[in-house]
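Which chain is which? They are A, B and C, in the order written, and residues in each are numbered from 1.
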Amino acid sequence: MSLLKVDNLSIVFGGVKAIDDLSFTIEPGKIHSIIGPNGAGKTTLFNLITGVYTPTTGTVLYENEGVTGFKSYELAARGMSRTFQNLQIFFNMTAIENVMVGAHLHLNRGFFASFFGLPTIKEGDRHCRETCLELLDFVGLRHYADTDTDSMPYGALKRLEIARALASKPKILLLDEPAAGLNPAESREIDEVIKKVAERGITVVLVEHDMKMVMEISDHILVLDYGRKLTEGTAQEVRNNPDVIAAYLGG
Amino acid sequence: MDKLKSPRTGGLLILMAIIAVLPAFLDNAFQVEIAILIFFNAIVCIGLNLLIGYAGQISLGHGAFVGLGAYGSAILTAHQGWDPLLSMVAAATFTGVLCFVIARPILKLKGHYLAMATLGMGIIISIVINTEDQLTGGPDGMYVDGLSFMTSQIHWYWLIGAVLVFSVWASLNLIHSPIGRALRAVHGSEVAAEVVGVDTTQYKVLIFVVSGVFASVVGSLGVYYSNFVTPDIAGFFHSIELVVMVVFGGMASTFGAVVGAAILTILPQVLTFLHDFEHLVFGLILMLTMIFLPKGLVPTLADLFKKGDKS
Amino acid sequence: MMGKLYLQESLSDMSAEFLQFLFSGVTLGATYALVGLGFSIIYNASHVINFAQGEFVMMGGMGTVFFLGLGLPMPVAILAAIALTTLFGFGLERFAIAPARGASVVTLIIITIGASIVMRGLVQVVWGKEFHAIPAFSGDEPITIAGATILPQSLWVLGVTVLLVLALRFFFEKTIMGKAIIATSLNRDAALLMGINVRFVLFISFGLSAALGAAAGILVAPITLTNFEAGIMLGLKGFCAAILGGLGNGMGAVAGGMIVGIAEAMGAGYLISEYKDAIAFVLILLVLFFKPSGLFGKTGTERV
């Protein structure tokens, strides 16, 4: 059974089809990569899947439930989370608070309990802080826990987004260019983090430009070009596909 | 012990201490009056700060909600003979429901469009209050009986002081809870908040209602305190004044809201000796403060303090 | 026979009435359009909503009253009042907005609110609180058109507004300075890279906007009277106009102003005159509920 199924998905921006009649499926528990030249529609596809944009036509099926047009937070409640190509950090909070927002769905959010500062809220927050510290540890940012995010380096913020997404306990995690703008050492660290995420049984969907990294860690690769599927398959199959070579070299 | 030093508990204790000893230093009824006025403004500002400072949603119309509380209570008590407490609850419920109904379409708007919409909503409410003189007495305002058990001014001082302490406490509780983080997340990045499960619309609506109810309750208490209300309370300038207090004291700081309310309530009183020059000087002080302390008083001072701590 | 005649007569009465409301609507609308344009120009250059825009309008009117009082002839008094207001515009940018660069939008809004308090306070101290009238530019003899009357001053308002709008279009489309302002509004960083003096652009925008506001204030002062608080409602309605048309869209602001003015005159005439001042705000709320970025504002999916 597939985890995510996209059928004939399209979205039009001012007459231009950024995603054009795209269909594919994602199996649970693997690392899937989506590659393609700049402007191919990878980020747009993520936005469509995660409910940030509403498709013009087509459907998205998640765990056999039609979720087209669902809000992002409804999808998050069903176990879907993501990171962003252009950082979306809560710059008005510390690192640990950013991650704790990620755990929002798993905390007592009752208004009156919060308003009157009931012990259950405080207890929940204490416990949440512990688990979120572990997540910061997991991405190698524990020492930044109480740092204001506006004074953290870019590379750390990229990892902070992953920790925040993990705090929502996703079944599927979509990572949009997590290594973009990082130096080779930082890239390798991200690489490790992604593998560890997959080992936890979380299905990873990865958009990445670093071909070496993609080829090495992906179980399955989907190639997009002009919003359409160019091809898909294993790293080996994709690497040898003449269309892919043409799109990348001729491109 | 550590808890005492935290800005949260420590600040609350300092506030309680100030309220407790202040009467000893107030020489006359007028000064007590100003203190009570500060408490009233501070309570509205605490609610408004949750909306503006934490959730990042501007409102240029909150004076109208104070007005709804005041006139709601006044009308129910004076015309219908309702019990004051019941009137206050009814007015707060009405304001809360109204806020709930308009919050969705209004808070879809962003930035200056939101400013315009809240401003427009406030002006409409204030025009209605001015015009429906059968009900409200029009521009001349209306009289209401006070609370029978509040026999002296100092009773009011303690009552409103206690409500202020409660408001600060509750606001701090809210901020330091998952709801508070969700509000700040709405301010930080709506899309990022949504993808980890925060229903941003729901929280914007929630906090709009909460801040509206804070304002309404203050309006009700205020009308029973002064036994009189005029439409100015719902007007554009009162709304602006409230926002100015929040920003002056420092956005996203509960104590900032209190400090802003205190200073900007006292300042015009201090400046009355300037007679005609009062407004001019007030405007200049406001401009200079915002130019040189754009984050507001309390956050700027807190930053200085933090830096001092490290060195 | 009689019935038909009566009907015809009342029909022409009705159309005369309609025309009358329309005349006052477009006069009001032209004023709002100029104020709204002022908002747009400053917004475009700096992304600041200038809550002192109404005070520019007031200062135009009150300045003219003052200079006329000094015995200056009307045209000179008008130019002097516009020059004075423009100076305030420059001053606002140089001494209040420029030093606060980087502050949050709310802080900037409060600074302009402070400026509006200062300007009202200043005018009140120097020129008093009384209402003043400026004589109409070419007499008070109403002109009758198809049964409705219009004041010559209304024609002045309309004519000068049309001229100013055309002049501004020319300025923004054809002159270097105008293009620099547009470039800055589209992308401040790119404008800087292209060698545009962004600070100067901001400076000029505030001056231009102040001059425009003053012109509006002078044009309507003979119809509405003026005092130190005359700019408040005009400023708010002008803000409505700018938002209605889609913030930063100059021609949108002009259209927005006209719509607000006509709606107000028709609403007050046919519906409820007590609620005349509420009409603009009801209208803007209705529009924003359905079109969150105004009638002619940019729409589309926000990029993430």
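We adopt the following convention: a residue touches a chain if its C-beta (ideal position, glycine included) is under 8 Å from a C-beta of that chain, and two chains touch if they have at least 3 such contacts.
As the structure is a prediction and not an experimental result, all values here were calculated from the model.
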item: Arrangement of touching chains [line / ring / star / complete / other]; value: complete
item: Most centrally placed chain - per-chain CA mean versus overall CA mean; value: B
item: Interface with more contacting C-beta pairs, comparing A-C to B-C; value: B-C
item: Rounded Å distance between chain A and chain B, as computed from the means of their C-alpha atoms; value: 40
item: Distance between chain centroids, defined by C-alpha means - chain A, chain C (Å); value: 48
item: Rounded Å distance between chain B and chain C, as computed from the means of their C-alpha atoms; value: 32
item: Junction residues of chain B, two or more chains touched; value: 191
item: Multi-chain contact residues (two or more partners), chain C; value: 304
item: For chain A, residues that touch 2 or more chains besides their own; value: 52, 84, 88
item: Chain B residues within the chain C interface of the complex; value: 52, 58, 105, 108-113, 115-117, 119-121, 123-124, 127-128, 131, 191, 236, 240, 243-244, 247-248, 251, 276-284, 286-287, 290-292, 294-295
item: Chain C to chain A touching residues, read off their complex; value: 300-301, 304
item: Contact set on chain A toward chain B in their complex; value: 50-52, 71-73, 75-77, 81-82, 84, 88-93, 97, 100-102, 104-105, 107-109, 111, 113-117, 121, 124-125, 128, 161, 164-165, 167-168
item: Interfacial residue positions of chain B with respect to chain A in the complex; value: 169-170, 172-174, 176-182, 184-185, 187-189, 191-200, 206, 252
item: Chain A - residues contacting chain C, complex; value: 13-14, 43, 47, 52-53, 84, 86, 88
